[in-house]
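Which chain is which? They are A, B, C and D, in the order written, and residues in each are numbered from 1.
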Amino acid sequence: MVDSSNGTLRVAVAGASGYAGGEVLRLLLEHPEYRRGRLEIGALTAGSNAGAPLGSLQPHLHPLAGRVLTATTVDELAGHDVVFLGLPHGQSAALANTLPESTVIIDCGADFRLHDAAAWQRWYGGEHAGTWPYGLPELGDNREQLRGARRIAVPGCYPTVASLALAPAFAAGLAEPNATVVAVSGTSGAGRKLDVGLLGSEVMGSARAYGIAGAHRHTPEIAQNLSAAAGTPVAVSFTPVLAPMPRGILATCTAPTTADLAEVRATYEKAYAAEPFVHLLPEGALPSTGAVLGSNAVTLQVAVDTDAGLLVVVGAIDNLTKGTAGAAVQSMNLAVGFDETAGLPTVGVAP
Amino acid sequence: MVDSSNGTLRVAVAGASGYAGGEVLRLLLEHPEYRRGRLEIGALTAGSNAGAPLGSLQPHLHPLAGRVLTATTVDELAGHDVVFLGLPHGQSAALANTLPESTVIIDCGADFRLHDAAAWQRWYGGEHAGTWPYGLPELGDNREQLRGARRIAVPGCYPTVASLALAPAFAAGLAEPNATVVAVSGTSGAGRKLDVGLLGSEVMGSARAYGIAGAHRHTPEIAQNLSAAAGTPVAVSFTPVLAPMPRGILATCTAPTTADLAEVRATYEKAYAAEPFVHLLPEGALPSTGAVLGSNAVTLQVAVDTDAGLLVVVGAIDNLTKGTAGAAVQSMNLAVGFDETAGLPTVGVAP
Amino acid sequence: MVDSSNGTLRVAVAGASGYAGGEVLRLLLEHPEYRRGRLEIGALTAGSNAGAPLGSLQPHLHPLAGRVLTATTVDELAGHDVVFLGLPHGQSAALANTLPESTVIIDCGADFRLHDAAAWQRWYGGEHAGTWPYGLPELGDNREQLRGARRIAVPGCYPTVASLALAPAFAAGLAEPNATVVAVSGTSGAGRKLDVGLLGSEVMGSARAYGIAGAHRHTPEIAQNLSAAAGTPVAVSFTPVLAPMPRGILATCTAPTTADLAEVRATYEKAYAAEPFVHLLPEGALPSTGAVLGSNAVTLQVAVDTDAGLLVVVGAIDNLTKGTAGAAVQSMNLAVGFDETAGLPTVGVAP
Amino acid sequence: MVDSSNGTLRVAVAGASGYAGGEVLRLLLEHPEYRRGRLEIGALTAGSNAGAPLGSLQPHLHPLAGRVLTATTVDELAGHDVVFLGLPHGQSAALANTLPESTVIIDCGADFRLHDAAAWQRWYGGEHAGTWPYGLPELGDNREQLRGARRIAVPGCYPTVASLALAPAFAAGLAEPNATVVAVSGTSGAGRKLDVGLLGSEVMGSARAYGIAGAHRHTPEIAQNLSAAAGTPVAVSFTPVLAPMPRGILATCTAPTTADLAEVRATYEKAYAAEPFVHLLPEGALPSTGAVLGSNAVTLQVAVDTDAGLLVVVGAIDNLTKGTAGAAVQSMNLAVGFDETAGLPTVGVAP
């Protein structure tokens, strides 16, 4: 448990006017520790939106409507036990380095996700800031590293679902190290960015690819996770597709296999049997993003295409919840000693 | 508090494969009393879907995925402290009459909403079953009637928002008894009905009116509520419009007025100052259904169109939450002695 | 017929990167006179997008993908027989005044729609530029004024449907001069504007009101049209609602009446019997925007709410086609002597 | 040219109440030969909808609103020069065999697409009815076979885009015979079927996979086309994903390659240089379904993922237009001697 002076955890959110920050706040406001007064929402900071009331930017966060956003500075963020960062990439390191080591810093951005400095430079440019414990408790020994951690890198949304979809197969040696991921995403994954291509008039009724042939920055993060699971480098082809919905990722992930379906199912059942948020669906059922909307749930289905010699795993998450803020709160829970599942909806908002 | 044998409230849901039943279950699964073991989910019944696992019909309700739906019979529903009914209208009375008087029965259907038997016959046909305490605690003395109640009629979704939007003005004598309501609704308001006009291909990208010129059955319920507030009969013109979204109602409600805006605002501020779920937005802000999605919140904005001599009140709710299942759970909380707000999200799932 | 030097009509579009300009071009590219070489698409101009290839901004206009946008200047627009203007309001007059009188100028903006200079100043600010023949051939003597016209003001999208919905009743003295219009619109009505509230993530799954209580600038234009039909001032209350769809307006229009339905239907049948684009639906059918998508069609249904003493008329149009660019092309056809319906789809793109 | 008695082509549509039939009619109503009276719309037949006016089922087809659907029988369809069939699979052969050989029969269903009777039996069950000229003029020698043809099998929607996306690479020997296709589709692809999973409430805001691991019947058709192009059997893994939009397919197609991008682009540019409907987009641009909505256009972009050693081709079509009814009309044009592009929009309805 974080040692806060008065037994109440004080939490700040930097980037509170963005989608990641807003979703962190949504979850915190319904968190049982907040409701019982043991978690307090402190500074809410923003970039160009500083000075505005939160209610004008995040009208769904009624209980905080009157709170005024302040500037994202070290001074504003100091004096908190936990600081969530929802900032453009490249901005987290400077802040993190000047906050006390005892502060739990949970970065929803990309700065501290990659191990490989060269990969960082190739995909993001600029100097690599370092690597922090990775907020995906379901993979490898991440859960152990997150308990009591003071610095946490929240995974990217696509890597979350793609990694959970394929890691068990690679870890069990059931697939060749060659993954193809085509993932359909809701538009909130692009952030609250003023871009003509993200206007409602443009996205509604239309699907489009973007960042094809390895152009998307989540490619090396997926490869890092799958290679760690496989114990050998896994080549990843990743194509993101924008679909006309605000939230959700539906990923179709394939890799060559000679395994049969029974073996694959047994492997996945075992891998996720104890996981509270990952659900291998019954045979015949298929994941939909609607069924996990607003929740921290991950749904998976596995299949083997024997004609094509491919393992096919389809996975669904809410990109803002399990894909970002849910993972952030789940990581906070582990870091400060709360119940891992506290404040994280397991039930989607459907229909 | 309901006197259950072992201190645990046993709850059944009839119509668990429908949208109302599913939303009741979503809320119950996240209800703090469920999480602490003092509320138990018992029988889940259905009509033609009896025999199917809940997971095949409500895949978002992961924790209950394996539960099998049973037939909606008195035997199945007996032995519960609370029974939610999400049935086609006309079916509630027979069940209710054979369950013990001590059972809390919460009817999400229309059977027991209207006082006027003649109105019932005109709009629904068949014999009027009676009138139960009305599950809209924010209006009149409903809250007092709901405390400890054993029979509760959950309001219709449109009447919920239209009544909350206009009742304060009528109660304060600020408007002439002539209301026009045009309300845009998501498609789940029509229920999980196999109807060509409700297919995704037909509704996406399209708005359409239905039930115009007093054809919609919610008209007399709105009139009943507004007339009670006004203390005089209020004529109501109601037009529902179907919009391409799964959830939400955005109602534009007008009535002739000579009052000025300051007087109107003061009246509404006072009317809802103590209400946990009703929010009069700051001047300049306007309700959106997105900001209340999945929550029990109601947002309102008031304006006076001085050229036209009209009070204009716009209100937003989630038709499945505050408009149906949220009101049902809020009513249950009052009936059994839980905290009124327990298990009811105040924060919308946005974006 | 416009007297062009070589028998080919040369057409320019100013504001070709916007939604209005894009829709004008979509219609021109499928126009039979374009296909047979008697209409030529000349200058395509833009503001900040000048210099970009059209294909990067309007990727649906394949045949013009390689055309480069030039700046919106008098020089660029000179030498054309027809100039469509899709510009922010206030910018049309200066251009129009320097182009030859013989040029057919068709303004999709608001500058020349209102007769009343005081109303212009109140709603738009700045000096009133004047009044041009009004591009709604179905009302009054507009069609006659449009034949051979050299200056044309295209109606606003909301006024188009609201006026067609109520004018026959007012013209026949069937309704009291008090109109309430609540109109649900797709997001393209707001133009291609970089505004957080218009991002896909914000609009999808959400309906919201804007510009309530007479705040929307289309209010005086609706009042002008209805007052002309009634021969007496009509008070108009107008509430626009944004719905999650790219196109379409569904307007619910009411006014007090003592007429009966038969009289109303007869009046509307007669009013639109000869109109190629206005369809009074059979009894029982109701307009949907999906059924008129991409077309120049207007669908109407009339009803009388006898309890409330109201005439209720529901109308649907595509805001970009009949609501803007379709009316512009229809007006061009009349102005230059083409068949009035040429190049205007009568069939919606559904589902 | 079909030899019709009076110079007017008489066309019937069987299945006129479905989406394929409705789209055929939409295109015919705007077809220049219809407008000039050389194409006449005769019998409109349906199954369970026989007896209903077309306007009650296809309200967008205003000019035919009063036409009454008749039963789909040989008698009804006799006496037409062209018969479009939009029927459930398995029903076309019986009808086709009893109509005169001189009738142009254009089957939008699957019955006559596959060459391999064993594949037909495996994927569809029942006896294989035969193989007809394949309505995809852009591939192989199909165009020649379609000129003057009297029996035509319209391709499936997914095979249309997947085949156009990958055939040039296979034909040029640029890719190994191992294709992975993940295609996002609008809901109209599933037809006008009363299925809970296709209700608007279920599909809006949600993406879901269906028919994974080779379960979808379009798999063998894709393989047939690509194998023909490659001259060797191509293994195909196909995953369809349902997205919340009424129309459109966005397909991401990959195959192993060692070619470089310049070679690939040159191959595709050459392959489609003369095609009126297939557009290889400029480098940097990516296909979207919105830009081809309602049109017969196909947009493609090619890329090489050098890390993964994969050719990535993304393609977009409107599943109802180029994917079904557009191909049907394009085939009719070739069969009867009209201009191939007549009546086929080249411009999408956007935004």
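The rule is short, and it goes like this: contacts are C-beta pairs under 8 Å (C-beta built on N, C-alpha and C of every residue); 3 or more make two chains touch, one makes a residue touch a chain.
On a predicted model such as this, the values are computed, not experimentally measured, just so you know.
Visitor: Would you mind naming the chains that touch chain A and likewise touch chain D?
Guide: Correct list: B, C.
Visitor: Rotation angle, chain C onto chain D: superpose the C-alpha atoms of these two copies and give the value as a multiple of 5 degrees.
Guide: To map chain C onto chain D, rotate by about 180 degrees.
Visitor: So which chain is farthest from chain B, going by the mean of the CA atoms in each chain?
Guide: D
Visitor: In whole angstrom, what separates the CA-based centres of chain A and chain B?
Guide: Each chain's C-alpha centroid was found; their separation is 34 Å.
Visitor: Could you put a whole-Å number on the gap between the CA centroids of chain B and chain D?
Guide: Taking the average C-alpha coordinate of chain B and of chain D, the gap between them is 45 Å.
Visitor: Where in chain B do residues touch two or more other chains at once?
Guide: 19, 188, 192, 199, 201-205, 244-247, 288, 290-291, 293, 350-351
Visitor: Show which residues of chain D lie in contact with chain C when the two form their complex.
Guide: 19, 22, 26, 29-30, 32, 35, 55-56, 58-63, 65, 188, 192, 204-205, 246-247, 279, 281-282, 285, 288, 290-295, 297, 299, 345-351
Visitor: Could you list, by residue number, the parts of chain A that touch chain D in their complex?
Guide: 178, 180, 182, 184, 199, 201-210, 212-214, 219, 235-237, 239, 241, 243-248, 250, 252, 254, 286-291, 293, 301, 303-310, 312, 314, 316, 350-351
Visitor: Which chain D residues qualify as touching chain B in the complex?
Guide: The touching residues are 19, 57, 186-188, 190, 192-196, 198-205, 244-246.
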